[in-house]
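Next come two complexes built around chain A: one with chain B, the other with chain C.
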Partner chain A sequence: MYPRPIPETARPARAAYVALVAAVLVLWLLPLVTVMLTSLRSFEEVMAGNYWGWPKSFNFIENYTAVFKQTALARYFVNSLIVTLPSVIGVLVLSTLTGYVLSRHRFPGNRLLFALFVGGNFLPAQIMMIPVRDLMVGLGLYDTYLALIIFHTAFQTGFATLFMRNFIAALPDELFQAARAEGASPWQTLWHVVVPLIRPALAALAILTFTFVWNDYFWAIVLTQSDAVKPVTAGLNNLRGEWVSAWNLVAAATIMVAIPPVAMFFLMQRHFIAGLTMGAVKG
Partner chain B sequence: MASVEIHNVEKHYGGFHALKDISLTIDEGEFIVMVGPSGCGKSTLLKTIAGLETVTSGRLRIKGRDVTRLEPGDRGIAMVFQSYALYPHMTVEENMGFGLRMAKRPRAEIDTAVARAAQILRLEEQLRKYPKQLSGGQRQRVAIGRAITRSPDVFLFDEPLSNLDAALRTQMRVELSTLHDRLGSTMIYVTHDQVEAMTMASRIVVLNGGRIEQVGAPLELYANPINLFVAGFLGAPRMNFVAGRVTSTNGGSASVTCGGDLKVDFDDLAETPAVGAAVTIGIRPEKLRIGDPDAGTSFPARVRLTEYLGRETIVYADAGDLATSGSDSGTGVFTIQIGDIQPFAPDAPVSVGFDANAAYLFAPDGRTLSAAKPVTQI
Partner chain C sequence: MSHLWRRHRHWLAPTLFILPGALLFGVVIILASIETIWVSFFDWDGVGPMQWVGLANYEQLFADPQFYVSLKNNVIWLAMFMLAPPLGLALALLLNQAIAGMKFLKSLFFVPLVLASVTVGVVFTWVYDPTFGLLSLIYGWFGATAPALLSDEHLVSFAVVIAALWPQVAFCLVLFLAGLNNLNEDLIGAGRVDGARGFAMLLHVVLPQLREVSFIALAVTIIGALRSFDMVAVMTSGGPFGSSTVLAYQMYEQSIFSYRFGYGAAIATVLFAVMAVFIAWYLRTLLRPEQETA
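Moving on to the complex of A and B:
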C-alpha cells in the first residue's frame, strides 16, 4: 500500500522525490509569501509593478501602523471578536448538550435527530442565503452582531454535534453506569464526568469553530452592511479603493487578520491533536 | 429480614428473552455468587437489581422496599465493575467520595467515609494519586472503596476480578471474603470463574439461558447437582459424561449399559427411569481410579496424555467405544484426576474403575435420577 518508502539505494528516485516535494511546497506557499512580501513594500513600488521581486525597501512599521491609522481595521477586529467569541461558546455549550443526549440517552427519534444534525452540514450555504437574510430582517436583527452570532452558532452546531456525539459515545459505558449507580443525576454526570473527560475535544472544537467563524466572509457580507458591525473578513474588502487600491496595506491587513486563528492553533495545538486522535479514555 | 427479594422477574430485549421468571430471596449478610456460561443472563440480572436495566415484568425489593421503578442511586446499592470504571480525572479520594459528593453530604461526613474505606482497603497512601498511577489490584480496591463509602444495603460485583492476573486474583478473592466477614453486608457477585464461586459464596446461583437452574451452598451444589447442566458446570476438570441405556429396573434400582459393554448398577434412585430410556451417567474425574482392584465397576482404557500439576495428576484415557461427551478435552476420552504423582507411559493400557454410588444418573431430559449424596462424602 501507499506510501511506500523509497529505498536508500535508488538515488535518482530519491532526488526526484525531494525536488518534487520542494516544488510543491514552493507552489503551495507562494501566494502566502507574496502577500507577506507585498505587505512590506511601499505603495510606489507596488504601483511600479514589482509584485514578485524582492522588495526595494522594507516598510514593516509604516505599513502595519498605517493599516490601523488609515483604515477601520481595529473596529473590524473588535467586531470579529464580538461575533466569534460568543459563537464559539454557544457552539461548545450546545454541542456538548446535544452530543451527550444523542450518544447516551436512548429515545425514539434519536437517530433521526442525529441525522438531521449531520445532514444539515451538507446544505450549501448559498441556498440558505435569502431565507436567512429575510429571517434576520424579519426579526429586526439584520446588520447586528446578533444576526451573525445566531447564524454561526446554529450552523456550526450541526458539525459540532457530530463531533461531540462521537467523542462522548467513545467514552466507556461503565463510567456512566458507575455514575448512575452512585446516584449522580444526568446533569451531575455531564458536569462532573463528561465535561472533564472531553476537554481535548472541546479544545479541538473551539479552534475549528473559531477558525470557521473568524474566516467567514459569505455570511459577513450577507448579514451586515455597516462598518460598525462588519467583521474583518468583510472589512478587508472595504480597504480596496474605488479607483486605486493600496495593495501593500491590504496585504498587511490580511496578515493581521490571519494571525488570530493561527495563534489559536499554536496555543492549543497539544489539545487539538489529542482531541482529533484520542478515542476512548482508558483508565 | 430478607435483604433482596426478586419476584418473577422477566426481561426482554426486543425479541431476546434474557431473563425468564427469575425468583430468588437473598438473606441479610449473604454472599451470593451468580455463575453461568456467557450470555446466561447473570450480568443482566445483576444490572436489573442495580437498576441499570429495567425489568419487563416482576418485582424487586431491597430491605422490604419495592425498588422496581427506582433509579439505581435510590436503591441502596453500590456496584463494582469489571473494568473498575474509575473516573480517570479524579484522584482516589475524589473517586471514593464521588457518590457522597453527588448526594451533597457534608464535607466532614465524606472525609470520614473515605478515610474509613481507605483504611479497610489499605489505600491510605494512594489517596492523592490518580487511577492511572495505580496497579490493577489497587484500582480494583479503589472501585470497592467507592462502593464502601456509600454504606449500601447491598454490594453488587460484576466480574470484578477477571481483569486481574492469576496471582492477584487469588489475593483479591481472599480480601473480598475477608471484607464480607468484616462488613457483614449482603453481597451479590457475578463471575464465570467457578473457583470464585466455590470459595466465596454462601450460596451459588447457577444460571443458564436466562433461567435459574439451581440455588444452594457450594458443596451442596457440587455433591447434588439438580441436573446435567449444573453437574457439568461446577467442577474442574469437568465431570465425565457417558451415554447409556437402561436395560432393567427393579424398584429403586436400575442397570445401565454403555458402549464398550460397561454395565453400571444404580441403587436407591430418587426416581426410577423406564427400561430402554437413553440416560447419561456422570462420574467426577476425582472419583475415577486407575488400577484399583477394589473398584466396583471398571473398564479398560489406554492413556492418551498425562498432565502433572504437582499436587495432582490429570490423566486422559481413551476407552475405545466407551466415549464421553462434552469433556474438557473436546474428545471422547475420560478425564481422571489422581491425588498424587503417578507416571504413565503414553498408550499404556490401564484399568479405570469407580464405585457406582459415586456416579450420577441423569434422565433423558437432564434431571438427576441418582440418590442425593451426603455432602461430607466429598
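Moving on to the complex of A and C:
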C-alpha cells in the first residue's frame, strides 16, 4: 500500500491521523453543513441575521413541511421521478443490446459505431440544443415529460454503451463458444448467458444514470417551461428567485433536492464507485 | 418465413438488437449536432423562415467583444480546472489508510460529486454572500470586509470556478483512490527495499502505475471545464455585465433570450471545434490498445 500504512500498534499516530482526516472533512463539507443548519432555523432567526451560530430552535418539521406545502417542490419532485425512472430503464435496455452486439459481433463499422457512442457522450450540450428543441416542438413534445425522457435516454445510452460493451467484452469467451456449440440463437445467448452475468453492471449503470439524469439542469430549462413538468433542479432555481428572504426554506429545498442522489449513493456505494471507475477506466 | 429467419438470424438478430439504440443516439445526438453546424450558416429567429447568410454569423462572432470575454473565461476555467487532478490525488493519498471508520469518512468526501450542479451553485452563492456568507464571516474575524465576489467583474469567474472545482476534485479523488487500490504491491515492496520513500517513491514508483487513471482524470476534467454551463447559469447568469459568460452560456443566451438561433449555432460550432480536439485525443488513447490486440 502507498502511502505506507500506519501500523496498528501506533495507537496515538492512528488517533491523530483520524482526527486530522475528520478536521479536513469538516472543512470540505462546511458549505453544505451550513446550508443544513440554516434549513433548521426559524424565519425570525434568519431575519435577525443569525446565520452562523448554533440554531436557537430546531424547526426541522416546520420548515420541511412548509417547503412542501407552500411551494411547488412536491410537484417538481414527482416530475423528476417521472422523468428519471423511465430514462434509467430505457438506458439499461438499449445499452445492454448495443453493448452486447458491439462486444460480441464483428461487422464492418463496429469500431466507428463504438467511437460515435463514446465521442457523442462528450459533446457539449449546446451543439445539439437547437435541433433537439426543434425536434421536440415538431413532435408536439416540448414541455412534456416525454421530451426529457427521450433526450436523456438517447444521451445516456452513449456512456452506457461504452460501459456495457467493456463489461460484456470482459466476460469469458468460453461461455459464448459453449452457447454457440449448443446452437443457441443470438437472443437465447443474450437472455440466458449475458443478462444473468451483467447484473452488477446493470446495478452500477442504474445508479449512475439515475444521478446524471436527476441532476441535469440544462435540458430541464431548454425542454420544459411549466411547473407541471419542470424537474427539481430547474424548480429549485425558481424557488430561489421567488423566496429571496426565506433562506431557511430555500435551504430546506436545497437539501431536499440533494437527498435522492446522496441517498442512492450511500445505499449503493460499491456499485457507484465500481461503475464510475470501470466506465472511465477500461473494463 | 421461419426458414429465412433461421438462415439469416446470425446477422439479422444483432442488427435488430443494435438498431433502437443506434437510431435513437444517431438521430437525437449525432445528427442533431451536425444539423447545428448547418444552422450556423443561416439567419434564423427560431420560428420564421431561415435565410442563408454564409459565414456572416462567424464574421460577426469574431468581431464581437463578448465572444472574447467568453473565450477568456473558458481559458480561465480550463487552467483552474487543472488543479482538480493534483488536489484529488493529494486527498486520495491522505485518505488511503485502512483504519476502522475510514470507509465511512471516505464516502463523506465523495458527497459533492453526487450533488446537482444547481445545488453546488446555490450552496456557493451562499458562501460568497458579502453580508452573511461564510466568506464574510472569515473576513470578519480579521476585521476586514469581504469582497462581493459574484458582483466583481474581475473576480467573478474565479469564484464560480472554485465552486465548480469542489465536485470535480471529488471526482478525481474517487478515480485516484481506485488507482491506489490497484497498485502493484511487488513494485512498491521493491521500491522500499531500494530505499525509495516519500516523494521519490511517489514520483518514480507510484505515479507511473497511475498513468491510466491520471489520463482519465485529466481528460474528463478538461472536457468538463469546456462544457461548463450550469454553474454560470445558476450563480451569475453570465453577469455582472456579461463578465462571467462562457461559450456554452453565451450560446444559450443568444438563442433562447435573443432568438438568434443562427448566431447561437455558430457559437456552439466554435465550442465544438475547440472540444473536438480534446475528444479526438481522448478517443484515440481510449481505443488504441484494442487496435494492437485486434
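As a convention for this text, the second predicted complex is superposed on the first by the 239 of 283 C-alpha atoms of A that agree within 3 Å, B and C clash if a C-alpha of one lies under 4 Å from a C-alpha of the other, contacts with A are read in each partner's own complex, and residues count from 1 in each chain.
Convention: contacts are C-beta pairs under 8 Å (C-beta built on N, C-alpha and C of every residue); 3 or more make two chains touch, one makes a residue touch a chain.
Quantities reported herein were computed from a predicted structural model and do not represent experimental measurements.
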- Item | chain B versus chain C as contact partner of A:W191, first or second or both or neither | neither
- Task: Please work out whether A:T153 is in contact with chain B alone, chain C alone, both, or neither, and reply first, second, both or neither.
- Result: second
- Could you tell me if A:G183 is touching chain B, chain C, both of them or neither one (first, second, both, neither)? first
- Quick one: name whichever of chain B and chain C touches more residues of chain A. C
- Task: Determine, under the contact definition given at the top, whether A:V35 touches first (chain B), second (chain C), both, or neither.
- Result: second
- Query: Does chain B (first) or chain C (second) touch A:A258, or do both, or does neither?
  - Reply: second
- Could you tell me if A:L175 is touching chain B, chain C, both of them or neither one (first, second, both, neither)? first
- Message: Just to be sure I follow: which residues of chain A are touched by chain B in one complex and then by chain C in the other one?
- Response: 185, 281-282
- Show which residues of chain C lie in contact with chain A when the two form their complex. 9-11, 13-14, 17-18, 20-22, 24-33, 35-36, 39, 46, 91, 93-99, 101-102, 105, 107-112, 114-119, 122-124, 126-127, 132, 134, 137, 166, 171, 174-175, 178, 180, 183, 185, 188, 201-202, 205-206, 212-213, 216, 220, 223, 226-227, 229-230, 233-234, 247-248, 251-252, 255-256, 261, 264-265, 267-269, 271-272, 275, 279-280, 282-283, 286-287, 289-290
- Query: What does chain A use to touch chain B in their complex?
  - Reply: 172, 174-175, 177-185, 188, 192-193, 196-197, 281-283
- Note on the structure: Residue set of chain A touching chain C in the complex reads 1-3, 5-6, 14, 17-18, 20-22, 24-25, 28-32, 34-35, 38, 49, 51-52, 94-95, 97-98, 100-102, 105, 107, 111, 113-120, 122-132, 135, 150-151, 153-155, 157-158, 161, 185-187, 190, 211, 214-218, 221-222, 232-234, 236-237, 240, 250, 254, 257-258, 261-262, 264-266, 269, 272-273, 276-277, 280-282
- Interface with chain A, chain B side, in the complex: residues 47, 50-52, 71-74, 77-79, 81-89, 98-99, 102-103, 131-132, 139, 146, 150, 156
